[in-house]
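The two complexes that follow have chain A in common; it is paired with chain B in the first and with chain C in the second.
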Partner chain A sequence: MLHGIIRRLLSAIPTLLIGITLCFLIIHLAPGNPATRFLNPSQSAQTQEIIRERFGLNQSVPVQYGHWLERVLFHFDFGYSFYNGKSCVAVLISALKPTLILSFWALIFALFVGVSLGIFTATKADTHFDRIINSIMMVFISTPAFWLGLMFIGLFTIRLGWLPGSHLHSLYYDQLNSFGQLLDSVKHLILPVLTLGLPLAATLFKYIRTGMIDALQSDYILAARARGIRQSTILWKYSLKNSLLPVVSLLGVIIPALLSGAVIVEVVFALPGVGRAMVTAVFGRDYPILMAGATLAFITVIFFNMIADILNMILDPRIRNGSGGL
Partner chain B sequence: MKIQRRSLIFQICLPYLIVSLPFSCQKNNNKQFEHSDLYPKNKQIQDGGTLVIGIRAEPESLNPLFALSQSARNIIGLVFSRLADINEDLKSFSPRLAKSWEISTDNPQITFHLRTDAHWQDGTPCTSKDVVFTYKMHINPAIAWDGVAFKQNISSVEAPNDSTVVFSFYQNSRSMLMDAVEGYILPVHILQNISPENLFTADFNRHPIGTGPFQFGNWVDMQTITLLKNNKFYGPGKSHLDRIIFQTVPDNFNLLNQLKAGEIDLVEGIYPKDFQSILQNWDQGQSDIRPISYLGRRYDFIGWNMIDPESYRIAVDTGTPPDAIKNDIEPNALFGRREIRAALTMALDREAIMNTVNFGMAVSLNGPVPPILPSYNESANVSWEYNPQKAKKILSEQGWTDSDGDNILDKNRVPFEFELLTESGNLRWEQVATIVQAQLVEIGIRATPRFLEPALLYGKLLPAKDFDAVVIGWSVGLTPDFSPLFHSATFFTPFHFTGYSSPEYDRLDDLSKTALSDDKAQEYYDKIAQLLSNDLPYTWLYYRMECSAVHSRFKDIIYDKRGIYINPEDWWIPQSERLFIDTVFQK
Partner chain C sequence: MKILPLIALKNRSLSSGYAAIGFVFLFLLLGPLLTPINHTSQNLSVSLQAPSASHWVGTDYYGRDVFARLVYGGRITWLVAIAATLIAVCIGTIIGLFSAYRGGWIDLVVMRLVDVMLAFPKLFVVLLIVGLGASSINLLIWVLALFSWMEIARIIRSEVMSQKNRTYIKSARALGFGTPRILLKHVLPNILGPIIVSSVLLISTIILVESGLSFLGLGIQAPNASWGSILNDGKIDPLGTWWLSVPAGLLILTTVTGFNLIGDGLQKLFDPKKSL
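Right, the complex of A and B next:
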């Protein structure tokens, strides 16, 4: 298994390099120039050239790429934001915490709701309850995140006034005691977590429900029932384990998708996360931030795919024994 | 089959119920607000309270040398001071860091006498050394300060002593005082040790120290910037408010809802449609959010490309000195002739466009001089009436007729069609472009709106001049300066994207700059207005009103064409109207 992990790690390096190189080229070759933001009518040609020089935009794209790669590989320096002059690493580190908090709770919520409802409805397949839950989950799968977020704000913030619709905490957060701070943070997180977590929960629900129904109808479960094994053991030990396998593979895709879903949620709920930093960078043609964010995204995707593969290997003896996977 | 039908009903009805839920729960909003006096006469001003300002984007920098966005400039205006502030007439100035000044026109000089009680927020006295240092920063090419044009006529700045600064000028001009006081004064004791090349990334840009009525408190990334009352402020009165919090809310829907919910006290740049709703609620006593509107600093227009983009590209690519190749550039096949631009302008119902996209929050504009400036004279502009029939006649005289019966005019089998660019995401401009398309098709012209994201649009427009026509707008300064847009000397610079060239205009523009009396300058401005509104490099559409809203508990807010931050240190909140946010920070 260790050999497989090492092989996988080594194969990730060229994938990462090719990915970030393509990303660099796409960003830099796209029409439009970040220096345009600094133009003003009275600016001389010399000043414009100084601004281009400040950001290294006066060099050819391959030279810019070479400098960028050298700084990143040898100094872990992603440069400075064209927008505000802040170090890209500092921008991402500061933005990573809210994104991780949001994604973590959304994942926990999605796993809890998706798995528990999936199992429960599988045991009640084709009942009214099953159909109602199915329909509700279809809504969450098919509703775009930004719309869902606005709906929640419309209902819980504007109409009912129960929950705040933006930011990580209140303006007077520092004035609250520890319990007040905790409560304030929880209140601010509920709507973003629901917005990000519900579509994910619905996706997981679909997988678990289908997997469970298939498992419950399979021959080995029939045989287990015939042997008089208890229903709960059949459900939790035999059926669930098999239905979780595709979910584990799915997690490799879901976690990066969570981070990209956070982009919309962070903008709608004004959360200071990586997603919002990236959106701002895209509109401002802030190349260094974009590249730092893209590198982070590549690493996240590769890392979580690898984790999913390892988990699959642990859970599935067919993979572990070399008939597939790593 | 029965089960499937039931399932179908669930699949259709439940989602509908869930989706419509937020809209079916009507909030009981019959509360009536009694608006107290906004400018109380018999007032007992009480200090304290918090102002929360909603902004859409985080400022890029709080260093006056690098700030470009409006939100950054607003914050900087509260933290830093100039030597003098411009008055409402946009001609005279009030003392700020300079308590007085003398202007000498014989040997063009201005001598400023500085206040001796002004201190930086870290306690260091603000002296003439700071003023000299600031000037050096302003003109330093490595800084690339965006207001450097103001300093072009200044030959030197000297400090004979700590409280005196002498600005010397190359030549006498009406704008000497404005040129000298433009720009906020920076602290030499903090910035002198940072090389200009490294200043863009300096920590000072996010932790500024100024001399204004408010001092920097803290900056939480992408969330809030807090300013605190500056107890060392030198001004006639210290701020009444304890703090101002700028809260970033990128989503407009959320921003307005926070304003309505009372979580945010002040929002600028409200879209006119939303502003009308705020206005209506205020008038009916259903809200304590006070609408504020005033003539702002922006106008929108259609810019016509008067030169052929391809010949321009070829000419520029040759690399020969610009003036030598100017004659090689061919006029635009469509918009190169004034008659065509006039016909297009007459084919547009500009009043309808103005009212549709601005919901009444704009005034008509027919020429280059903005109505907020003292030099504005509407009668100087050539006014083009809406007359599609006359437009068609002019086009016909120019050879544009519908020879093939496809309802589109053509000339030599070339149809009259073009791309009308604008910025994607700018709802107002997108609407203008769509209405223009609909109005022009009535006279047989096919304009195809194309919405491009900003970097792409300005990339095509400004350096490359690669476009047919564009709907955009400019922000205007407090002095009329049209040279970068229309003077032949700036023909190859980015903002001169229409390719307009007129020796008469150049002459008038030069004379307006050197005129020493306001009357003489006005004469030239009137002639410029007449010439440009007749030549129509732009079809001016309207001049926008700024729409803002502020909670009515804030009293004595003065606002005019200079904006809403004229006297923030004088704003105050009566004790009886204070909210939780006004008292919570006192713990």
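Right, the complex of A and C next:
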């Protein structure tokens, strides 16, 4: 298994290199070049030259690529924001906390709701209950997150006044005691977490339900039933274990969806996260931040894909023993 | 592949999906006949009016007729989604067919590229590119297509792999047919089912991404409309100005649910074992 894990770790290196290169190429192949996009034509030629030199835009594309690769790989340096001159990594790290909090709780919510409903409806397959839950989940899969967020804000914030619809804390957060601060944070998180988590829960539900129905109809479950093993043992010990395996592989799908979803949810709920920083950078034509954001998001996905593959190796003896998957 | 399953109405997912898409399609098709108002003409004296006899779905901040904007915005949303899907399907099919049939190092390199591109969170990359170029419908279509072909390529590759060693392919090779002829005339017709299913599901994904971009103000630019940009107009008080936020949201939801149901229904018909 160790051999397999090392091989998987090594295979991530070329993937990372290709991805980082693609991020660079996207900037340089997109219409117009970075220098003309950034420089203000009304500035004097001398000012334009100073800016070009400062940001390395006066060098040839291969030289710029070499510098970019060296800085990213060896110094984890993505350059400086055009807008405020701060390091891109510093800008994105300062925006990371809200994104991590939002994504973490949305993932926990999606796993809890998706897995529990998936298992429960699988045991009641083809009943009215199953059909109703299935239809509701199909609607959530198809609901645009920003619309769901807007409807939540309209109803729970503006109409009913039950929950706050923007920011991570209230203005008077610092004056609250620790319990009050916790309650305030939880209240602020409920709507964004539901907005990001519900479509994700619906996707997970679909996979878990199908996996459980397949598992419950398979021969080994029939054999277990024939041996008189209790239904609850069959459900929790045999079927669930096998239907959870695809969920681990799904990490590769869930993480990009979470990151993309977070962009929209952060804008709707005015959360100062990475997604909102990216959108602000688009409007400010701050391409070093955009390039850094896209590259870091890519590296995050590659990292979680690797974790998912290694977890699969540990959990699935067929992959562990190198006898191939399904 | 038989064409018959495409119109099989006994399948519940398929018939509900056709009903949803049929409804939205008729709305987009017949909408201009129902309203003579231009969707871009402004009239500030009737700004933010609730639905009335003269403006069936009310007006927006600039006094533009929301019904007309829903119709023309929907047409643009559909156009972008269908055009991007067609391009993505063409790219994905060609790459998937070629990669699987040639195998060896070509397949290895192509599949690595697919893995890399799948690892980019789509909205991040689209934001990056749209942020760099001047926003236009053409750019949007191409960007969405260029970051959506990978799933199709992967599905086509695995389907071709499973067909590659079948007797009919071996016979075609023994008869001396060239690779392009075998791929296009023999392999392709046998894998049309999965291609159609993934294309239909891709349309709904692209509609969600395009609406999201337009909602952020980065997709379709004013004075043109898209369902996402209409929703953006209603974001200050989503239920107070419900005619801006509810109908556009419901139209996106109906379209995406419709395409998802059709995709699921076709999947059940073509390959019941793989259906979710």
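Here is the rule we use: the second predicted complex is superposed on the first by the 309 of 326 C-alpha atoms of A that agree within 3 Å, B and C clash if a C-alpha of one lies under 4 Å from a C-alpha of the other, contacts with A are read in each partner's own complex, and residues count from 1 in each chain.
We adopt the following convention: contacts are C-beta pairs under 8 Å (C-beta built on N, C-alpha and C of every residue); 3 or more make two chains touch, one makes a residue touch a chain.
As the structure is a computational prediction, the values presented were derived from the model and not from experiment.
Applying the stated clash criterion after superposition on chain A shows that chain B and chain C collide.
Once the two complexes are laid over each other on the shared chain, residue contacts for A:42 go to chain B alone; chain C is not touched.
Of the two partner chains, neither chain B nor chain C is touched by A:116.
When the shared chain is aligned, chain B and chain C each come close enough to touch A:158.
Look at A:150: by the touch rule set out above, it reaches both chain B and chain C.
When both complexes are overlaid on chain A, the residue A:267 reaches chain B and chain C alike. When the two complexes are overlaid on their common chain A, residue A:231 makes contact with neither chain B nor chain C. Using the contact criterion defined above for the overlaid structures, shared-chain residue A:80 touches chain B, although it does not reach chain C. In the overlay built on the shared chain, the residue A:285 is in contact with chain B and with chain C. Of the two partner chains, chain C is the only one touched by A:19; chain B is not. With chain A as the common frame, the single stretch of chain C that clashes into chain B is 38-46; none of the other options in 38-46, 92-100, 110-118 or 200-208 do.
Comparing the two complexes, residues 31-32, 37, 138-139, 142-143, 150-151, 153-155, 158-159, 267-268, 279, 283, 285 of chain A contact chain B in one case and chain C in the other. Contact residues of chain B toward chain A in the complex are 3, 6-7, 10-11, 14-15, 18-19, 21-23, 25-27, 50, 52, 57-61, 66, 68, 141-142, 144, 146-149, 200-202, 205-206, 220-224, 245, 247-251, 253-254, 257-258, 260-261, 263, 453-456, 458-460, 462-463, 481, 484-485, 493-495, 580-581, 584-585, 587. On the side of chain A, the complex with chain B involves touching residues 31-34, 36-48, 50-51, 54, 80, 83-87, 91, 94-95, 126, 131-132, 134-136, 138-139, 142-143, 150-155, 157-161, 164-168, 171-172, 175, 267-272, 276-277, 279-280, 283-285. If you check the complex, the residues on chain C that touch chain A are 112-113, 115-125, 127-134, 139, 204, 208, 211-212, 215-218, 228, 231, 234-235, 237-240, 242, 245, 248-249, 252-253, 256-257, 260-261, 275-276. Listing the residues of chain A that touch chain C in their complex gives 14-15, 18-19, 22-23, 26-27, 30-32, 37, 138-139, 141-147, 150-151, 153-155, 158-159, 206-207, 210, 252, 255-257, 259-260, 263-264, 267-268, 278-279, 281-283, 285, 287, 290-291, 293-294, 297-298, 301-302, 305.
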